[in-house]
Every structure is written in structure tokens, then in C-alpha cells.
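Two complexes follow with subunit A in common, the first pairing it with subunit B and the second with subunit C.
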Partner chain A sequence: MSDATTSGRLAHHFESLEQQHESALLGMWAFLAQEVMFFGGLFTCYVVYRNLYHDAFVEGSHHLDVFLGTVNTAVLIGSSLTIALGVRSAQLGRPRATAGFIGATIALALVFFGIKSVEYWAKYEHGLIPGLAWHPEPGASPQLGIFFGLYFVMTGMHALHMLIGLGLMVVVGWRALRGRYGPDNFIGVEVLGLYWHFVDLVWIFLFPLLYLLGRHAH
Partner chain B sequence: MSDHDVLPLRVYFGVFGTLLALTGLTTWIAYQDFGNLNTTIALVIASIKVVLVVLWFMHVKQSSGLVRIFALSGFFWLMILFGYTLSDYFTRTSVRGWE
Partner chain C sequence: MSVPGAATARTAEPSNYLNAEYSIKSWFLTLDHKRIGLLYLAGLTFFFTLGGLFAVLIRLELLTPEGDLFQSETYNKLFTMHGIFMVFFFLLPSIPAVLGNFFLPLMIGARDLAFPKLNLLSWYIYMVGGLFTLYAMVAGGVDTGWTFYTPYSSVYANSHVIAAALGIFISGFSSILTGVNFIATIHTMRAPGLTWFRMPLFVWAHYATSLIMVLGTPVIAITIVLVAIERLFGVGIFDPAKGGDPILFQHLFWFYSHPAVYIMILPGMGVISEIVACFSRKRIFGYHIIAMSSLAIAVLGFLVWGHHMFVSGQSIYAGILFSLLSMLVAIPSAIKVFNWTATLYRGSIRFDTPMLYTLGFIGLFTIGGLTGIFLASLAVDVHVHDTYFIVAHFHYVMVGGMVMAYLGGLHFYWPKMFGRLYPETLAKIAAVMIFVGFNLTFFPQFLLGYLGMPRRYHAYPEEFQVLNVLSTAGASILGLGFALPMGYLIWSLFRGKPAGNNPWGASGLEWQTQSPPISHNFDEVPIVTEEAYAYDTLRPPAAASPEQEEVLHV
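Right, the complex of A and B next:
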């Protein structure tokens, strides 16, 4: 590891490393604010349709597996912990620990995908995927398709974000192993952490909205 | 406080434990009948979890004022989106007499 990489390089258009770090953080938060709005549109859509077709949405929730949903929530929270510890290791200048925690985060993300695919497969077998395999039981709400349309778009967009996060983690983890981050130069790991926590935040709302609401009714 | 200050491990594990406990709580409460309050309770618990993640995992508690404003802006616009949209949809029944 050379000095230039571990102590961080100051780009010429910044006055100090501090300012450079702060600028990158601001940029990331601006991006995340945009992401909040992106998912916000989907959440608004969900709230409006849930209000209009309450019974269909309660029926839809009952088709989802609360156990698997709860486990996946715990898995994702665990991955938020591991990436947070990865950022902390980078702050302390421990590249191997950083890479290790990123590896653990990747492993937990794969567990999440595994559980999610079990759930998606069950929906396929039960004919609850609008457009692909749609043959709900006779007597199902006519608006059940709206619930499952939203379910697949929202969890699908969430999964796409996780997939992008996985790619970023491979890159950042590799760079960490190569000693590209140090106590003064860990913004790459920190920004990755912010992105991953955001993905966790989206799921924290998706889980109760899709799986839990209306459970008490039956 | 500088962003470079390293939080002690117990903060991370404390937040993690609280998040897991709240996940268990929200799943358990979903099966108890509180009528219309079930939705409110679920959203309040999710919001507490989000605040914990944002403040400690995402380091906003240690961040500068400018970063905090950026972090808040997304949620602020989200409230505008929800507020205006729902003030329409949620008042239609009283205006048109649906149902």
C-alpha cells in the first residue's frame, strides 16, 4: 500500500480532504433523495389503491408468506449491520476486515435473494403473477391483480436495487483488498454503505405494507 | 462532530438488536386486533426503524448541517407528494358520497 492511496488523494478542485469527503457525501444524499422520490411514487400508488380496494389488498396480503417475509427482513437488517461494520473498519484503516464485512453483506444479500425466489416461485405455481401466470382461484377479488401488480413492481424494483448494490460491493470489496481505502480515504465504502442502508429502508416499509396490513382481520 | 469520528461497536449492535426486536414486534402486533389502529402502529414502528438506521447506520447524527438538510429533503418532498395526493383521495367520499 502506497501513501498516495491510503492517505487519500486530494483532487485539485477541492481545498481539503474534508471538503472533498463532504462533497461526495452531499452528492450521495442528493441521489438518495431522488431515490426516495422514485420509490415514493410507488408507495403513493400503493396507498391510493389500498384505500380504494381495501378488501382486495387484505386478500392479497394473506397470499404472502409472513414467516419468510419476517426472516428476510431480519436478513436484510443483518446485512445493514455488516456493511455498517465494514464502513467502520474502513474508517479504522483495516482493509481485510472491510473486505470481510462486505463479503458477509454479499452472503446475506444472496440469502435474501434465495428466500425471495422461493416466494416468487410459489406465486408462479399459484398463478398469482399478473401477465405471466395469472389464474387466481374462483371468487378472488377482481382487483387482486392490482395488489400483485404492485407487489411485483415494488419488490422487483427493490431487488433490482439490491442487484446493483451487489455489483458495487464486489467492486468496493476488491478495491478494499487492494488497499485502496484508508482512514482518510474511505468515502467509497461509506457511500456504498449509504446506498445499502437505503435499500434496507425501502424494505422496512415494504414488509409491513405488503405482508402485514390486514392480517388481524381473519 | 466530524464525520470521521468512529462510533463504538455497542452503538451498531444496539441499533441492530433494536431493529430485530421491532421487526418481531411489528409481526406479532399484525395478528392482534386493534381495528384501524393496526395500520398506524405498523407505520409508526417502521418509521422508528427508519430513524434508527438513518441516524446511526447512515451517520446522519454525526453529519454536518448541510448533509442533514440533504437527507431531510427527500422525506420533505415525499410528504408533499403524500399530502397533496391523499388530501384529494381521502376526501372524495365526503364530497361525492361514495359507498
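Right, the complex of A and C next:
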């Protein structure tokens, strides 16, 4: 999508900036539909196994750190706000503010990664990573491995999407600083914003499913 | 990107996308959808040849009842590599990546696809995916079958599953990006006056295909990731020993891989619609319903995956539902076949090579489709499940359908792509050889399957030998038939007669351009004032004199 969205000029194969804008926007929505199906496969696995092994999943949730998960949720929602403000600044033609808000989003994403690493490390120390460090306490339910397998694949895929988003933000932020976006041409920032909101939304589903569901049964 | 300088002076041809630049860089970094289409053509031809070689070895082994040429493990690898290369690296991209890339923008009066860089990227992704799979092959191959069923693939197989899976995972993204590109292009880049219901049916078919590419492919992507993670870390998601459910893998796999069958046939149907109208010199019969049936196939295709799992132990009620839904798909498919035949009726039919392939397609696809209904019926499927009946059925759809349409389309559009005509007589001979060879190869397999010969074994009881010898004989004719176009099409690039801009007298914006088209397709954006297939107002090709052309009034 980069050519049509971030070049800052009218690409030769478009008739007008509106057409270019519309194409890029539609392209990103189509791409996000693809993302929904990608994570949809994982959520399907989650639903199937949660149904089969309810107790193992409740047990798994109790091994996760709700406090850190909550903080991370707040951090990500904050980053959605900053990227939305970035899009707004681009629309108003304020390149420095745009770059600033993108920078803030990057910072929040890094905070998220920091907290996530702390969580992953704790799982490593407790022997709760299937295949790498797997020695759950005696009496743990036999399907706990499936819960943690899904936990790492789901949060790992989410983190991978955030990493890609980070890369894009560095590029778009740099271009914003160089004044590539203006009131009639901010599609690059807008498309990035869409992507980032999607990544946040995935977490909004992951957090309750993995951390919260079934905790009341304690 | 075109700088016609020395190039035009040397050839005296008018500037076009081929002679605009000659450097290697101008090909490998091109953003021109037409050049990217040709890059795909090169890659696809390579993988098709490779997949074909595996087929040759398979048919050689099956010449005799004993497993005398290969050991069973080698044989497992042969049919797996045949399936993987043919499905993921030839059939899935085939028409969309070559003809779709090349002609979609031309047909809708656009200068390029919406995202040219993304388009180039998708070719590189496709090639990298292909190289990974090649590596898996060279390193020792994969023996799981192209379906990668768990827990064999995730726990027990001792072959290069991860490398091959990674290759398929990567190439999936090329499919997704192509789909995204086509959808955005069709929505936002149509020329003025080109309303949705004036679009050629080729474009409708590609729109429906793109929907499946975008919504289906990611599911197999994540499924393959899960298989790789199973192998690496033994998480147990598909391993019954750890509480996992191998049937869940089958659900996820077929949720994509059944719709993928329609990625492999819908674009072919689009090509057939174009050719049927052109060589009958008639407005296509039932335009709207053909367009809508493409969408219907795309939607219904997502609801039928369970028909691959009738013997997997899934709920019998699910089986009944999947059986009924699968039969529903026959309706839009039959609508297309009836509309094509209705278009032929009272048309002024010309039997040029593209039309031969098209008629072959209609007949073979009908057989493939009807045997699909046999397989959708629960009781019959239990009898012929995992036999050669299945093998014959899907080869009738994939080879008899898609490969026929691909070759028909390639011959139809070749003069536009390169400005040269291929040798017609030789091409007709090849088309007939392919038709005869194909039927001789695969019709005996219906019988074999019905008699109970299971697929995927390198040895078989002696009473099956006659039919297997027939099949292998057919495969040799088929192989020669495929080799011919590879030869004469390349020959025609240098020695073919100049084609002129519209050798078939076809309607459609793509034929109003120069052959080969200029780099940016149109000097002026065309304005569309009539529907597609206005053949009743269009004169037949000027070059055709009545004596030379076999014009037939049915």
C-alpha cells in the first residue's frame, strides 16, 4: 500500500488525490478483513478447546498476571488515542505534531513490549512455556499445555503485528517530519491508524479471553 | 517509466511496454502490471514443469502393479511434491496472477492496479515461498500429501514439513495481496461510464476470486503456523496424546482449501465467458446471472468444507448439512454452463484454438462438476473416499477445467500480450492432443476408483493394471500436448506473424489498445458507453476471409 499512500504525491496511475485516497483506504480495509480471518482461526481453536477443557483453561487464567494485563490494556488503548490524534494533526497540516503523536504511540508500544517481556519471563521461570520450559507443578491439569500453547501463539501473533506496526510508524513518522502529509493528503497516516486500531482491537479480545474468563470461579 | 529512446530507433516498432526498456533492472524492479504478469508467467511455467515431472514419475511407477521403480517413501514424496507445486505454485496463482494482472487494468480502462509496488512485492513473496518449497524438495522432500494431515505431519513425519509449510505460508501472502489489490482496483479505478454491470465477466470472476483469496487464505496461513509450532514445540494443539484434536486441523484446513478450489476455477470461468462470446460472435447469454453466480460460488464455497470429512468421524448431522450445501454449489456452476451453451446456440462459431480449449473446458468441467455431486452424496462418498475416483474428479475440475481455461486464455490473449500470432495449426493439434490425452489419463481413474483402487499407494492388485497402463499412456500424450505450446509460443515471440491490435475482432477495452500495449495502457482514459460483449454491433475480424475460416452456423 505504500506507493499510493505515503508518496505524498499523486501517483501516475490515479486520476485524482480523492481516487488515490479511496483506493488506499479500501485496500487497508480489505487487508484488515484478511487479518480478522487470520486471528479468527486462532479464536476458533480457543473456543473449541475452552469448550473441551474448561477446567484447564480456568486454571491457566489463574497463572496469568491480571494486573500486568490490565496495565497493558490501558497502555494499548492510550496508544490508540495517540495515533488517532496523529491522524487528526495530519489532517490539520501540523507535521511536527503528527510526528510527535506517532512518536508517543511508538513509546507506548515499547512500554507494552516491556511489560509483555516481564510476563513471558515469569512464565519461563515458572516452567509454563510448552516445548521450551515445561514443568508445571504436580497436579496441574493435563491439558494446561494447550492453554499455554494457545496463549503464546495468540499473544505472539499479536506482538508480531505490533512489531510490523512499529516499523510502519517509524517510516510514516519520519515522512511526517519531512512534511510529506498535508490537509489534502494524509492517507498514509490514516491507513497506519486503521492498522494500529485493529491491532489494539485484537488485544481487547485477547485480554478477557485469556486473563479474565473464569476467574470468578476461584 | 517508459523512456523510448534507442530502443524505438532499433526496432522501428512503436513504443510499447516490452521495448520501453531493456535492462534487467527494468524487469525485476518494474511496477508495470503487464511486466509483473510476465514475471509470474515465467515463475508459474517453471513450477508447472516441475510439478509435471513429478506426475511423470508417478505415472511411470503405476505402470506395473509391483512397487518396482520407487520405494513407498519415495513415492509418498513424489505425489506430495506434485500436489504442493501444482496447487500452491501453479493452480492458485495461474490465471489471476498472469492474465488477471495483465488484463484487469486494461479491461477496466485503468493505467495500472491500485498498488503497483504491492503487486511487485507479491511476485517476490511468491518466488521466495517457491524457493523455500524447492529447498524442502532438494533437502529430501515432504511425504505428508499436500493436505498435511495431523498428527502425521505434526508429530510423526520424518520429512521437511516445516520448510515446505513455511513456503506455502509465505506464498499465501502473495495471494492475499493480489486479492487486496484487485478488490481496491475494481472498486475505485474503473473508467468513466464503466458501471458494475458493464464490466466484463472476467473482471466479475476475478472480483469473486479476490474475495476468497482475502477471506480464505489467512485461515490456512494460521493453520500452517500451528502445524509448524506443533512440530517445533510439541504444544499438542493437534496431538490427541496431549488432548489436541486432529479433526480440528481438518476443519481449519478445508475451511480454506475447499474455497481454494474456487480460486482455482472461477478465474477460468471468467476467461471462458470472454472466449465463448468472442468466438460465437454473440452477446453473452444471461450476463447478470453469470456475474452473480460467480459471487454465489464464492459465498457458498465457504459453507461446504465438511464434505471432505464425511469419514473423519464428524457428526452425521453436520455431514448431512454439508452434503446438502455442497449440492447447492452445483446450481451456480450449472447456471454458467447453461449460459455458455445458450451463447453458443445460433452463434457464428469459429473453431480457433482458444475456442477448442473452451469447448474442452465446458465438457470436462461438466464431468468434473457432476462427479462432484456423487461425492457430495454421503453414501457414495463413503464408498469412493480416498480412491482414484476422487483423484479423477478433481483432476477433471483442475486440469480439465482450470488448465484448459488457462491455456485457452493464454492463446486468446497472446497476440495482445506480445503482438505476435502463434502458429494456428500446431496450436490446434496441441489442443486436441491435450483433450485426448487428458481423458485417456483420467477417465480410467474414475473406473479404478469405483472398483476400489485407493489413492496414494505405489503398488496395486494386478487386475487394475490395464486401466493404469491406459492412464499412463494418456499421460504421455498429455505431456507432449503441454510441451508443444511451450515450444511454439516461445518461437512465436520471435517469428510469429504480427497480430494487429484486435486479431479476434473482440469487444472490450483491452482490444482497443495497441498490441503490445503501451506502458501506461491508454493515452487517454477511455469512456465506456455500452455494455460488454456488444458483438451484434461489432464487425468480425477484417483478416478473416470466408474460405479460410470455418464459420459454422449452429
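Everything that follows uses one rule, which is that the second predicted complex is superposed on the first by the 209 of 218 C-alpha atoms of A that agree within 3 Å, B and C clash if a C-alpha of one lies under 4 Å from a C-alpha of the other, contacts with A are read in each partner's own complex, and residues count from 1 in each chain.
Criterion: a contact is a pair of C-beta atoms (placed from the backbone, for glycine too) under 8 Å apart; a residue touches a chain by one contact, two chains touch by 3 or more.
What you see is a predicted model; the values in this text were computed from it and never measured.
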Touched partner set for A:30, first subunit B, second subunit C, both or neither: both
Which superposed partner A:53 touches (first subunit B, second subunit C, both, neither): second
Partner chain(s) touched by A:208 [first = subunit B, second = subunit C, both, neither]: first
Subunit B versus subunit C as contact partner of A:40, first or second or both or neither: both
Touching partner for A:128 - first (subunit B), second (subunit C), both, neither: neither
Which superposed partner A:199 touches (first subunit B, second subunit C, both, neither): neither
Which of subunit B and subunit C A:176 touches, first, second, both or neither: neither
Contacts of A:91 with subunit B and subunit C, given as first, second, both or neither: first
Subunit B/subunit C common contact set on subunit A: 22, 26, 30, 33-35, 37, 40-41, 44, 48, 52
Complex contact set, residues of subunit C against subunit A: 31, 110-118, 176, 179-181, 183-185, 187-189, 214-219, 221-223, 225-226, 229, 232-237, 242-245, 248, 252, 255, 520, 525
Touching residues on subunit A, where the partner in the complex is subunit C: 1-4, 11-15, 19, 22-24, 26-27, 30-31, 33-35, 37-42, 44-45, 48-49, 52-53, 56, 130-132, 142-143, 145-146, 148-150, 153, 157
Residue numbers on subunit A that touch subunit B, as the complex places them: 18, 21-22, 25-26, 29-30, 32-37, 40-41, 43-44, 47-48, 51-52, 66, 70, 73-74, 77-78, 80-81, 84-85, 88, 91-92, 183-184, 190, 193-194, 197, 200-201, 204-205, 207-209, 211-217
Subunit B residues within the subunit A interface of the complex: 2-4, 6-7, 9, 12-13, 15-16, 19-20, 23-24, 26-27, 30-34, 38-39, 42-43, 45-46, 49-50, 53-54, 57-59, 63-64, 66-67, 70-71, 73-75, 77-78, 81-82, 85-86, 89-90
